[in-house]
Each structure stands twice: as C-alpha cells, then as structure tokens.
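So that you can tell them apart, the chains are marked A, B and C in the order they are listed, and the count of residues begins at 1 in each.
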Amino acid sequence: MSKVENLDRILEQFGPHLHDAPDGGWAADRVIDNVVPTHCPYCAVQCGLNLLVEKNKVVGFEPRYDFPVNEGRLCPKGVTAYLQTHHPDRLLYPLIKRNGYFERASWDDALDLIVSKFQEIQAKYGKDAIGIYSGSSLTTEKTYLMGKFARAGLGTRYIDYNGRLCMVSAAAGNNKAFGIDRAANPFADIPLAEVLIIAGANCAETFPVLNKYLWEQRDNGGRWIVIDPRETATARQGDLHLQLKPGTDVAVANGMLNVMVRENLIDEDFIANSTNDWEATRTVIEKYTPDVASQISDVPAKKIEQAGLLYGRAKTGMIMHARGIEHHTNGVNNVLSYINIVLATGKIGEPGKGYGTITGQGNGQGGREHGQKADQLPGQRSMLNAEHRKYVCDVWGLPEEELPEAGVSVVEMFDKMREGEIKGFFSLCNNGMVSLPDTNKIRQSLENLEFNVNVDFFMSESSRYADVVLPGTTWAEDEGVTANSEARVIKINKAVDPPGEAKTDWWIVCEIARRMGRGKYFNFNSPREIFDELRVASKGGNADYYGITYEKIEKQNGVFWMCPTLDHPGTPRLFEDKKFYHPDKKAKFHPIEYKPPAEVPDAEYPLALTTGRVVYQYLSGNQTRRIGFLVEQCPEPYVEIHPETALALKINDGERVKVVSRRGEGVFPALIVRTIRPDTIFIPYHWGEQLAANQLTNPALDPISKIPEYKACAARIEKIHSRELPILGRNRKGASLSEVRRGK
Amino acid sequence: MQETMFIDPQRCIGCRSCVAACRECSTHKGYSMIFVDHIDRSETTATMPTVCMHCTEPTCALVCPADAIKMNEDGVVMSALKPRCLDCRNCVNACPFGVPKYNTAMHLQMKCDMCYDRTSEGLKPMCASVCPTGAISFGKYEQIVPLRRTKPVNAHVFGNQHVETKVYLMLPTDETEVNIDGCGVFEGRIGLTGEQQAQTGESWIDTQEEQSDKSNEF
Amino acid sequence: MATAAKKLTRSGAINYMHPTIIGVIASAVLTLLVIVGSRNLEHFDSALFGYTIASIVAFGAIAFRYAIWLQRPATRTYFRRGLQLFFQRKKFAANTASAATTVATNLVAQKFIFKRGTMRWLMHALIMWGCVIAALITFPLVFGWVHFELEGDLGYRAYLFGIPTQLMQGRDIFAWIVFHGLDFSAVMVIAGCAIAIHRRLKDRGAIATQTFLLDFVPHMMLIAISVSGLMLTASSLWFEGYMYSFVAMVHQATVIMTLFYLPFGKLFHVVQRPASIGVELYQRRSREMPQAVCPRCKTEFVGQMWIDDLKKVVGELGFDYRMANGQTLQDYCPRCKRIMRGLAYAGLPDTKEKVFYGTREEAGHTETTKSEKSSQQ
C-alpha cells in the first residue's frame, strides 16, 4: 500500500532542488588534499576524470588527459557530475514511510522492518512473491551481488535489471548471430574504418565523447552513413542521412544488403567458411530491392543505393547501432538485419572492420554479464543450462535445488505486481516511474505492492512509492569495476566517504541477506572480495573475468574481457581468427522479413511518436535534473514537430500542445524544426509524472528480448490554446519572434 | 606561448560541455565565458561555439575608456583589470565577435582569457580539454593542422573591416578569410515561402544561452 | 606570472603639450594654495618641506596623466557626454541625485566590490579608509594648512588655515585618537595589504594574471609607509627617539616614492574610479532614451545614444565595421553577432566538405547560388 500522498512535502524535503556550485561555493584558492583518478558515472564511454578532494569533499574535477579512451574529454554531464556528491538533496539516513510521510529511522529499524516484511510475504505467498529490480549503472561487483542476492539470498526467481530497457535487443541479436554478447571492436578501430554505418544512434547527444573517434575517422577521410528519423547533430554531420520512418530499419538494412548482393560486393569466402544460413537469408534479401525498401521506409531509393555502394565498396567499415533500432518490438530483428550486412561483407574481426552496439548505461556491458538478468548467471552463463547452473552453485556453495528457475523481464514483472503475484519489491539503481513504458500502469503496479523497498542516493520518482527508502552511495563514494561500451573493464575509485549515514549498496544488500539468515553466502567486507568471487564465478564463461585484477586494470588503463588467465592481456578485438562462439565456431545469418511496429499511425492517431534523450540529461534524470547547469540548458521536455505538420495543425513555435496516445496524454511546448520527418514527432523522456514521455509510449515487447517499443507508437497532437511560454523562452527579457507573432 | 586555439564549428554538437567546464577556470571561477549558440534551431541542429578570438588589435581594448583590457606578451587579451573596470560595456558592444561579458552588480567585465591560469602552466584550457569532438582544440599549429582536412584561417572580414586573430577558425573550404557581411540566413531557409518562414522564425530554444539579458551579462 | 603587456597601436598620436600645461598649472595652483593656506608660509613646517615638494610634483604628474587618459577616444566621449548630460537643465536635480547615489554606493560603500567578494571588500575598505584617514591628517599638516599651538600645560589648539579651533586637553580620549590617527590608519593599511597579499599568493586565478610590478609593489610600498610610520611612533613613545631621524628619512623616502608611483601603476584607479559617476549617469540616462533595436533579432538591447557614441569611437580608432546592408556591426546585439558568424560559416561554399549539412533535400539548397542567398538577407 505504498501510495504517494504528500507529494508537496516530499518535493520540499527531497527535491529535485537545483544545486550548481561545489561545496562551499566557487573558489580558486582551495588546498586540494587528494586527486582521485576515476571515471564518469554516466554513459558507457566511461570517460576518465580526476576528482579533486578537499577535506573529504569532492570540490571539482580535472581532466584525465592520460586515460586513452577520452584523453580528458567530457560531456556536460561529466563536467558537472561531481556536483551530485554533496548535493543538498542527498538522502542521508534511512527513511520509513509512516502515515504517508517519510520519517527518519535507524539502520537497525529499517533493516529489521525489511527483513520481517520480506519473511512474512515469502511465508504467506511463497519465495517468488518478492521481485528485485536492479540496474546497470551499478559497478559490476554490485550487479553480480544483486543476482546472487535474488537467487541465494531471497531465493526468488524474479529478478531483472533496467538494461532490459536498454541493451537486451543488442545482446539477444549478438548471441544469436555470434554466440557472444559484446561489442566486437575497440573504439580505436573506428578511425581505421573507411565507412561507418551509424544506425539509430544520436551519439552526439547520448554518447558525446565517442565523437572524438568519429571525427578522427573523418579526419582520415572516412564517411558516415547515419540512419535516423531525425536530423540529429550526428546525422547533420554525416555524409549520407537516411531519414527513415520509425520502425522500418529492417527494410533499410535489407535494402542496403540487396544492393551489395546485386553488385557482388559480398565476401563469398568468408560466407562459405565462417557462416551458416546464408542461402535462406539471401532469398529474403533479394526481395528487398532499393525500391521496395524505399516504399516501406520512405527513404529515397537513390540514397539506399548510395549507402549500399558506399559501405559495400569500402575496404574497411564498421556498423554501430543503439537504442534507435533496438527499442522496438522488432528490436532483435533490426539488430540481426544489420549483423547480416556485417557477415555478408565479411567486415569483422580486423582493424577497422567491425561491429558494435553503443551501450547506454555506464556499466551497460558489465551489468549484462554477471547474472542480474532474469535468465542469466555470472559470466554470461544461462539459467536454462544445467551445466552452467551446477558450476555457479558450486562456486556459491548453494545446493542446486535451491537455485530458482529463470524469471521474467521487468515489464512482465510489473504486470505480475499488478496482477498480485509479486507482493514485495526491492529496487536499486533505477527509476521505473520515468523510464518504463506506460507510466500510468507502472504506478498501479507500485501502488498494488504490499511492501516496497528502494535504495537510492536521491529520492527518485519511484522512491516516493516505497515504504522504506535506504540511502545509497554515489560513484565517488565506493570502488568497483565497470565495463564500458567496448568491453574495457575499468576501475571506479573511491574519492570520499559517504555523507551522513549513507551506506554502500553492497553493504546494504549483504546486511539484508545476513539478517535473513543467508549470511554465509554474503560474507563480503569489500568490493574487492566480491570481485574475487566474481572472477571465479565467471571463469570459463563467455565473459571470463578470471584474469582481471584491480591492479591489472590500473596498470593497463583497463582490461578488455575475456581474460581467462592472470597473464592474459585481455581481448580488445573479437573474432580475429574468424571463429565465432557457436558450437561449430561459425556465425549465423538470420533471414529477417520486415514487420511493422506494434502500433502504426492511423486516422485517429496520425503521427509516429518516438522518444529519446538530450545531451544535458541522463536516463531517468534522477541525478541530472538536480544540477543547475544541466537544468538551465534543458529544463523541461518538448515535442519536436515538423513545420508542415505544425502549419496544418496551426501550432506556433513554443506553444504548449497536448500529445495524446492510446495510453495517456501530456502537455509539452512545441519545438518546430525542419530536422524531423513531417509524419514523426519526438519527445525526450527524462522527466517523470505529468512530464513523462512514457505516459504515451507503448509497452509492447519484443518477443525475444522483451524490450519495450519506446521508439515507435501512434499519437496525435491537440491544440489547447495555451498561452504559457516554454521555460527557456520565459527567461528572456526581450520578446522572441514567436511571442511577437502571437501579438504579445 | 606557441599554442593557440582552433575552432571548427562544423564539428560542434552543441553539448555545451565547454560552457560548463569554463566555470572551473580559476580566473573566472563559477562564471562561464564561452558561448554555444544555435545558428537557427528551426532549420538545423548546427551550433556555433564562440571563445575569444584574441584579436591582434583588439577592438575591445581600444574602446575601453579605462584602459583596463590588456594584451599580454603571448597575445592573449585578458579580462578587464578589476580596479579599473567601470562596467561601461563599451567592449561588450564593440567586440565584433560578441565575446566580452559584464556584470553590473560587480562593476566588472570578464571575458575568455584562454584559461590563462592553465595555459601559462602548460595545461590545455578547460573548453579545449573537454570538447568531445575537437570543435575547440588547443595546441601548436604544426601539431593540429596536419591532422585536419579543414583549413586554418585567422582573418575575418566584417563589412569593411579586416580583423586578424590569434585563434584560428577551421574552414571546410579553400577560402582565406571568413566574410561576415549582413546578418545572413541559413541555407535551408532559402526558397521557403513567407508562410513557412513565419512558421519557423527564431526558435525559442535559440535563446537559451542568454538567460539574463540580450547583452552578455554573466 | 604574466609579464608586461603588449603596447596597442591605433590610439592615435598622443598629444603631450596640453597635458604638460595642465600638469604645470595644477602644480602651480597647489603651490599657491600652500602659500595662501599657510598664511605666507608662516605656519609652514620646514621639516616637511620634502613632502610638500613631492606632493606638488606628484599632483602635477597626476593631472598630466589624467589629461593624457582623457585623450583616449572612448574616455573623451564619455567625459564630454557625461558633462553634457549632467548639465542638462531639466535633469539637473535627477542627475545630482544619480551622482550622489553613485558616490554613496560605489565610492563610499563600494557595494560592487562586496559583490566581487566579501574578503576583497574588507581588504579594500581597510586599505582605502586607512589611506583616506592618513591623507586627511597629513596633507593639511604638510601644506601648513593646519598647525598646533601649545596652550597651558597640556592643552593644544589646532589652527585651520590660521583660524583657531577647539582647544584639546592632551590627556582626553579625543585628543588621543586625533594624535594617534596615523597609527590607526597604518594598522588598517597593513591589515588590508596582508589580506591582499595573502590572496595573491593563494588564488590560482590571481597567480596566473598578476605581475610583481603592478600587483605586489603597491602593497609593499603601502606596508613600508605604514610600518615606518608606526616605528616613528614607537621610537618617540617607548625608545626615547632612538633612530628617530633615520626612520623619519625612510618614511619620507617611501612616501615620496609612492606619491611618484601614483599616476602610473595600479594606484591610478584612485583618481580614475570617480569616473564611474559619469558612466553610471550615462547608463541611467540612456535607459530612458530610445533603445537600439538589433536589426536581426528585433530586440532592444541598449540605448541608441550609447550605440551611436560607440560607433563614433570605433570609427575614431580607425576601425570600419560598416557593412554592405547599411548597418554597422555594432548595431547588432552580441548574440546576433555570434550567430551571424555561424551563418557566414554555414554559408561557405562546400568545396571540400559539407558544412552544417547532411544531405537533406527538401529545402532545395543544393541548387541555390550565392546571389540568391544574399537577396534573402
């Protein structure tokens, strides 16, 4: 029964408030006690940065020029990341909700309450009545611990993580095609590629520092083909922009491959020696001539032709993709159709030839390797594989019969919460009320719970629904490893002690397990001890961490897994021997037919709504919506509308309009731009409650990866004759042209 | 100082990392002295990063009634000397690049001084350190230019006036100077009907970089 | 540390003739005042002769430097326009009020320094008020405008321009304060300079931009004056005049050096800062006048008079920012100037690389020629 009853009070107590200066204000005369090399907490480039510490407070940063991935570069989120450590909104002590108000509690009271409630629920409804929802912004140690906590600590089958909203389509596609889930090439290969295909990735805003490599490639004379329904900064800078209809990626990819097959730009030797199922795929591909592809995707056939020739004729080339093609009910198919291009041209496993998915969260790669996924065990082992189950149980010392079966994806888990199958909930490192599709349903799920525990360092939109909120730590207050988008395992270092009574996440989880009588499986006193167990647990799996140590990471500036032995240097590039990870060592083609998204525009909802990110905010915004600088740049979501569409609907620039889908509606200021397709609208999703783009999105899932379809649903725009200006427009003293036009 | 800055606007992704990082500089702690402006958000995502170009004959210094703006031996045009600056804002409105900022409450002008606290010690300025794409780079001419396909140009023409700067602009063409004559219009707008023009005037999002005022108050 | 600044050209040839005349006149006037004020040197203390001469020379030098400063086109424009605005008959009351406000908030309370930093304000207030007190006490003595005469055992009477004032008892607290005024001011100056030097040694921004000659020497000179002054008091009070004449000579040397330094270095801001009365008046009045509208974004951004004066100054300096469309660059607001540069960059012909574009087609930009483009402006 965890409703939000006193929102005003919660907002007053816990924010989001804006904070925009280091502790004690800006000063140029600080005496820095310590410079701690670590990494940015946000996206999966995991840029290196140095934190400046004065009197146990993080007071600034200094670029880390010597870290090879970013060489000091940072995006605005990275630059301001240090401001969150001493933010006034930080949760400093455990909170228990009593009579609708969060009240300060001691750790003992809070933990005892959690334990007694969990035990009560499990006794009454069975072990599986508790769901765990974890995240990929945690260090790998913690993600490993969360998987173990669910299975060995609580004995529930229901655990999943927010990578389900992020990486799973790519992971499933990779596993199906290559038998392994990892970006195949290091970033350093990008500048060596003649042609890059960037599909559904606005790396300029979501992965800014990758642009360093993209522009190095450009400086080497390289070309980019960008596939995106919007002319993003990335698409603008590209040489060829295929502005497709949302959700028609398969047609475009098949169309390009069709051109390459027709022009005989494929690598027959590679196909014959290293792959399976080409003939069936070829038959499908032959149907997708540029004209057919053009009809489906609305990309001019000429451009598909050009793109196919450009990539096909190039000696080297790489394909990179991100959520734009993955957030679909056809997400896995979209991924596989691009992998088909890679395999057919044999552009893999060599410098400048390769394939990679652009990970979303900081530890999007590491977080999907060690068993916090519903069906996964450490080292990318599977819960469905008896051998894998036995190995992990042996490492844990857990009787095999105690290891639960595989669970379900997070969206399905929330369905089960609504249906009453899951009664207790433990969430850490996520904010479903912003990031899950159809937030109105998500709210019902949370309100339907008997007992809800949340760990976070800021009160998120989801934390407000919890019965107990425990104060966790930011990245600057704990150590551990993460794996960035190129599968480079790097080390986050501790800069300062947690503020107030805040505790590290791993301590909280271990302590709950201990109090539930499962302490023997959670006898950890430091992240290093967890990592050492993880190394053993992952040994022999695909994601083999056994040879990685903290010291080695420091020495080599990161270690690429797999790294099976202590003297192994790591594996920056996969498939160098053209051997893949299926039992017959061959890669697999998949014949993919185009299927439309689950919901297509119709007379009632004539526009395609797609969602995404802005450079100033990170994911659910729980961290970034509190930092003054970032909020100033982008204080609220908006809806991008093409001028033709706006003209037809008589909408002015900056006017607030109502966007309606079958699931909900929201009011957003219109940003009228020619950089989007006339039949498409776009809303960034970082905000919660009434501002959430996910009030509108479709929770339809990909049948394989169970990823929701964030990137395509049907919507319409209604004029509401609002005179309220956008927040940014309001700040200016002089009137903008749009205000003048409106006769103000 | 042999190093200088190289600005390549076509690489700019408009992330304003430089704007955030600029505040970390010791000479103007907490205040950003760099601009990233949308050139026309209705039409394009293109943005223009503007740092001080450090003119060889700085208009700002010459129009200063208090003689407060000095150029040092490295050719870096410094912020106004604090005891002298009268906050008259002549520099703010005279600068051909729209660079200097002022604050009335402090009676002070400040501007980009190429992070002199860092560059005088051999470190890169903050903006050039963090810029993800290399739209703002700092280094020696012979280190940066051979790596690029763009052409470094430090001559700017504003109407009849030639302005030469310490900082280079990287041009994607063979021009030898940048000519700013008239207020310009984005290519994409050419050929639009009047109705379409009116539909996409200057976007409200274009204004976000100047929260306070039209005239560069920090 | 930064070293000497580059000399900028374009300021035009400096005319030294007028400033020299003004300097000489200023010295002559001060000399006259000394003679008159001390009743034909009747009350003049010959021991202070060195100081007097130095003051007269320094005063002339400051006037000379001020006159040269006024030759800067911008300064001259502000100066003339300031006077012109001030003496507009209908606005005289308002202008006086404006000037009074500026004096109170800027010159006396120094609110703007407070905004720059609290410690900075304290530092500046200590140094400034220390110097002001010291100057108010010493200069009248040096010029013979004030002298004291003994009355009875312990009584003193001060004479201002030879006119007797209140009799003071040597032992009462008021007299004690007056006689030790210089000691208090010395302590204030030392404290202020200590804060300043401390900041200059710790603040990384200051460290990068300061120079020894411009930023440390003035503080050191002020400290030298204050310390030697205090030593004089100590010598006469507790050490029965031990080394008194030597310390007095040192004191005199440091004071004279500082007086001669006044027109050139950092301390010139003391005479420069009152110009903010004119600048503020100018700003206040131009806010009431018609505003310049940026021709590109159609926003009012600053007074039209201001922009017109500025354009004139820019022209006098030998710049020509006039453009083909009849506007001058300074007509545009700063943001539009930045955007115009971006647009000019975007409009460069794509010979090597696409500039700000992918390959969007619907706008038909590929067919556009340069001439069509300019017709749109």
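One rule holds in what follows: a contact is a pair of C-beta atoms (placed from the backbone, for glycine too) under 8 Å apart; a residue touches a chain by one contact, two chains touch by 3 or more.
These numbers come from a predicted model, not from an experiment.
Engineer: Whose C-alpha centre lies nearest the centre of all protein C-alpha atoms?
Structural biologist: Taking the mean of all protein C-alpha atoms as reference, the closest chain is B.
Engineer: Which two chains meet at the most C-beta pairs?
Structural biologist: B-C
Engineer: Between chain B and chain C, tell me the centre distance in angstrom, where each centre is the average of that chain's C-alpha atoms.
Structural biologist: That pair's centroid distance is 29 Å.
Engineer: Starting from the mean Cα coordinates of chain A and chain C, work out the distance between those two points in Å.
Structural biologist: Averaging C-alpha atoms per chain gives centres 57 Å apart.
Engineer: I'd like to verify one number: the distance from the centre of chain A to the centre of chain B, where each centre is the average of its C-alpha atoms, in whole angstrom.
Structural biologist: 35
Engineer: Which positions in chain C are in touch with at least two other chains?
Structural biologist: 203-205, 297, 299-301, 354, 356-357, 360, 363
Engineer: Where does chain B touch two or more other chains at once, residue-wise?
Structural biologist: 10, 26-27, 29, 43-44, 46-47, 117, 149, 188, 202, 206, 210, 213-214
Engineer: What are the residues of chain A that contact at least two other chains?
Structural biologist: Correct list: 28, 231, 236-237, 674, 734, 737.
Engineer: For the complex, which residues does chain B have touching chain C?
Structural biologist: The touching residues are 9-10, 25-29, 35, 37-40, 43-44, 46-48, 50, 57-59, 61-67, 70-73, 75, 78-79, 82-84, 86-90, 92-99, 103, 105-108, 113, 116-118, 120-121, 149-151, 156, 158-161, 169, 171-175, 178-192, 202, 206, 209-210, 213-216.
Engineer: Flag every residue of chain C that touches chain B in the complex, lowest number first.
Structural biologist: 2-6, 8-11, 69, 72-75, 77-78, 106, 111-112, 115-116, 203-205, 207-209, 266, 269, 272-273, 275-276, 279, 282-283, 294-297, 299-302, 306-307, 310, 313-314, 317, 319-325, 327-330, 332-357, 360, 363-365, 368, 372-374, 376-377
Engineer: State the interface residues of chain A toward chain C in the complex, per the touch definition above.
Structural biologist: Counting only chain A, the residues touching chain C are 28-29, 226, 231, 235-241, 243, 300, 303, 674, 734-735, 737, 740.
Engineer: Contact residues on chain C for chain A in the complex?
Structural biologist: Of all residues in chain C, those touching chain A are 199, 202-206, 297-301, 354, 356-361, 363.
Engineer: What does chain B use to touch chain A in their complex?
Structural biologist: Residue positions touching the partner: 10-11, 13-17, 19-21, 23-24, 26-27, 29-30, 41-47, 117, 124, 126, 129-134, 147-149, 188, 195-196, 198-208, 210-214.
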